[in-house]
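The data blocks that follow each hold one structure.
Each of the two complexes below includes chain A, the first together with chain B, the second together with chain C.
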Partner chain A sequence: MSGAARPPARTGGRDALVAAGLLLALWQGLHLYAGDAALASPAAALGALRQLAGTAAFWGHCAATAQAFAAALALSAAIGLALGLWLGLRRFAGEVAEPLLAGLYAIPKITLYPVILLVFGLGLGAKVAFGVIHGFVPIALFTLGAVKSLDPVLLRTARALRLSRAQTVRFVLAPAALPEIVAGLRVGFSLTLLGVLIGEMFASQAGLGFLIVNGTALHNVRLTTAVILTVVVLAVGANAALLWLDRRYVRRG
Partner chain B sequence: MRPEARPRVGPGTREAPGPRGTAGARDAPGPRESHAVLSAVTRVYPGARPVAALGPVDLDLRAGEFFAVVGPSGCGKSTLLDLLAGLSRPTAGTILFEGRPVDGAVPEGLGIVFQEDASFPWLTVRDNIAFGLRRAGTDPAETARRVDYALGFMGLADFAAAYPAQLSGGMRQRVCIARTLVTRPRLILLDEPFGALDQQTRLLMGDELLRLWRETGATVLLITHALDEAAMLSDRVGVMSSRPGRFIDLVETGWPRERDSRLVAEAGFGTVTARLWARLRDESLKAIGGPGATA
Partner chain C sequence: MSRSAAVAAARLALLAGAVLALELLCRAGVIQPLTLIPPSAMAAALAGLLWSGELNADLIHTGGAVAASLALAVGLGLPLGVAVHGLPRLRRALDPLLAAYYAVPTFVFYPLLVAILGLNQAPLIVLGTAFGLPAMMMATLNGLDRVPPVLLRTARVHRLGRLDTLASIVLPSAAPFLFTGCKLALAYAVIGIIAGEFILADAGLGHAISFAYDGFENRTMYAVMLLVLGLATGLNLLLHLWETRLMRRRARA
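Take a look at the complex of A and B:
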């Protein structure tokens, strides 16, 4: 019989540094190839970002994006988790709904842009709605899959231990499905952010997405690149934090 | 030979630390009395073409005995366990556990160990074992006492803080047995618990199971496809026919209560195993549609 497994060597930090260095090298190479008119260099983008950070308007745009993203993520998670759990627990409904949801998600969401604008108007509502239609489906599909693929012997064990239905959901079903649900939330996080930024690009007067479109329209390449860098750093940082939480608290053993 | 008369752990020892006294609950029947009774039990799976999976089956499980069920693949052994456990309802017939009907819910005093790894991967070994007690609202100090005893009894003390993924298959199955054991069941149902283990580990786990059975005084019903396992572990072995399974023989092994895997070297062991196989061979051929099957 084997003893406790040896924990794997931790090389994550070094790998991340190597990956960041490679991306910077790629960025610099692309800048040298395309020139200043298309892409600012990493050094120029950082300089522009430093200037931006000194303006109140930039933080106002950041706050607008953060507000829309927080609302969209909360709605995506609530709708996705509820829908996924409900469909997963009702096997027949899940079997019918899963291909429907996947098919619905394959529709290019940008084609819904005029409808979203007409329904929610220009501003926060449209941005949030755009974020939600991008984010809730993957969360629902991951949750549905997690519940459907639950090992039946765990549910039989719950019955053998005379657990009530509520206890089974809380103490067996939820923790068993949690790793996949968290994976779904990570995907949903990225796609909700994408949706919010697209919404800001097309249907807003504030936010980082708006700044990118504005910079492009004014052909201010340094501004555009600096804002894109901000978005990338925020998204990668948040995803790394979620991944750390997942490994630290969800995936044990 | 008859099994030796065995001392039963009574209510007076129930509060002692650990599993000793598990079977000594106030409602538990005395030795040689009926503990669970199946009368004319059948199970038919409905559908366009209903499948008769089991029965009719009659079985009188005596208090404190170690009873094994063997039979061809698909004969309904696990269905029998599910019905007795209250995990499914019989199509016809009655099932009594300690005199009360089993009606589709697992009764208090009954513990089940499944063939599959049923340990909870998100909990440590200690938390896995304590799981049932905590959900039942058992006093934390009492829970800790029982879990500590079970950890020691099952040889898991050094792995209390480990997660199931860090353990071998045999150790994970011990965790599942310990989780059942600490709830102090008076009837333990085991559905091929060693099915996924290698032969040496099976023999050693068999020894541990016998030790557990003697310590707790519980009644044990073991479903197995391994004739040697059934012959070594049991007081009585029920041989089932091919589907729909019925008992075609009940073999009394006559082993003393103090026994272990060294029993396999005794002459009588071969006799018991040969008798089991003699009854089972035709049924197994029927189950696989073999040419040598006799009607």
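Take a look at the complex of A and C:
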């Protein structure tokens, strides 16, 4: 990003508060415009959320989403990293596969949903698979890019030191490509979450995505708004935490 | 040149091999026709559908929504990017918001949009625009950051006004980045709109797929799926080719 000096932390905090305030005002304004039947007010959504948090069913749905997401993220990361490393090291295979991966990234994968359902059946397997097909591509692309643009001197040094392939990956490639890989994991994290939630929106009887669609079907606007708020806060919070980790431990100095 | 030809040939062989393998597996009965029909049957079904004109209304519905979203995302994202680039204080405040934007699974808002705007093309267009606009904005900011200072100094030497500088120096110089932004906005508009149609709609290609899926009409479903994936891939490929040609001309100049 920009190489400008970091703004003092206090302005950053104030900006975040102002932004949050503006978003709340926008929400309230939309609520006034659209009416109670379409969008609950922030206060009503918070009330509904407090009510929800008191029910065991809500936590069950949260756990279902968390379980599917954790499995999907682990698989996305494993597949994406392995594929990216392999394609990055094999120049020819990388050149063959990169546009295919980029094409896969840009197509509406949601259309593949029926196939996934037919293969995996309703439930956890389909949700996880849907998260994985969304999440592994950016991780693979970022890793591939990082490995490919690595300084060739590093690899030559590894060869001169007679490192084995595993050692090269462990001690040379992984540390050198880490910042890019972490950026890829952050994008993969978001897209995996998106995939899992969309999966829950059609073909699941559990999870936060199911709650949103169910609330819409039952015209329970307060429920829908409260669950969407939960998802947004969780997603933004996780993203902020990942960004912080990235800045604190990966891009030091 | 021969190396890139070899890469292209290998890529084509890989794709053709995959399609052929699928065809053989389906024909041999390893994959049940209830799960997946052979690619040749998909193509035949698609040809039939296109020939009969059954899909025309859906094609126009989806195409119109995509065009409107793309126009809005680019038409609003570009000037917003230019404006924010000129206001560093605002930009610093927006940076964390933009960084968090794509972490939020935008589709969860779709049921709300339908509730506010009604079940028609409007919520789809808003979803597609909301998905693509920040990408266009970030691409614009990126491009404006990379305008060589010497060009700006030249503009000052020639006493160009603010708008003249923008129109004849800054935007042409940032063109590759703007092009990338348009490409992303298009991909995101397609993804957003097909997904929205898939979740909840009364027309469009996404709706046609989910409708056929619900009615167990595998042939229609796979035919429309093939059409959507083919159209999306074709569009991306076309833009990619155009981009490479622009880049080459720029490198020569």
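Convention: the second predicted complex is superposed on the first by the 225 of 253 C-alpha atoms of A that agree within 3 Å, B and C clash if a C-alpha of one lies under 4 Å from a C-alpha of the other, contacts with A are read in each partner's own complex, and residues count from 1 in each chain.
Just so we're on the same page, a contact is a pair of C-beta atoms (placed from the backbone, for glycine too) under 8 Å apart; a residue touches a chain by one contact, two chains touch by 3 or more.
Because the structure is a prediction, the values reported are computed rather than measured.
Novice: Output check: A:L161 vs chain B and chain C. Expected answer is one of first, second, both, neither. What do you get?
Specialist: Touch status of A:L161: first partner only.
Novice: For A:L178, is the partner it touches chain B (first), chain C (second), both, or none of the two (neither)?
Specialist: first
Novice: Is A:E95 contacted by the first partner chain B, the second partner chain C, both or neither?
Specialist: A:E95: touches chain C, not chain B.
Novice: Kindly classify A:V153 by the partners it touches after superposition: chain B alone (first), chain C alone (second), both, or neither?
Specialist: first
Novice: Does the superposition put A:V213 against chain B (first), chain C (second), both, or neither?
Specialist: The second partner, chain C, only.
Novice: Could you say whether A:A53 touches chain B, chain C, both of them, or neither, answering first, second, both or neither?
Specialist: In the superposed model, A:A53 contacts neither chain B nor chain C.
Novice: In the overlay, answer first, second, both or neither for which of chain B and chain C A:L26 touches.
Specialist: neither
Novice: On chain A, which partner touches more residues: chain B or chain C?
Specialist: Result: the larger residue contact count on chain A belongs to C.
Novice: In the overlay, answer first, second, both or neither for which of chain B and chain C A:N239 touches.
Specialist: So A:N239 only meets chain C here.
Novice: Where on chain A do chain B and chain C both make contact?
Specialist: Dual-contact residues (chain A): 1-2, 4.
Novice: Within their complex, state which residues of chain A touch chain B.
Specialist: 1-5, 151, 153-154, 156-157, 159-163, 167, 171-172, 175-176, 178, 250, 252-253
Novice: Across the complex, what residues on chain A touch chain C?
Specialist: 1-2, 4, 7, 11-12, 15-16, 18-19, 30, 33-34, 37-39, 92, 95-97, 99-100, 102-103, 105-115, 117-119, 186-187, 189-190, 193-194, 197-198, 201-202, 209, 212-213, 215-216, 221, 224-225, 228, 231-232, 235-236, 238-240, 243
Novice: Note which residues of chain C are touching chain A in the complex, please.
Specialist: By the definition above, chain C touches chain A via 6-7, 10-11, 14-15, 34-36, 88, 92-93, 95-97, 99-100, 102-109, 111-112, 114-116, 145, 187, 190-191, 194-195, 198-200, 206, 209-210, 213, 221, 224-225, 228-229, 232-233, 236-237, 240.
Novice: Help me check something: in the complex, which residues belonging to chain B touch chain A?
Specialist: Within the complex, chain B contacts chain A at residues 85, 87, 105-106, 108, 111-112, 114, 116-118, 120-123, 131-132, 135-136, 158-159, 162-168, 170-171, 179-180, 183, 201.
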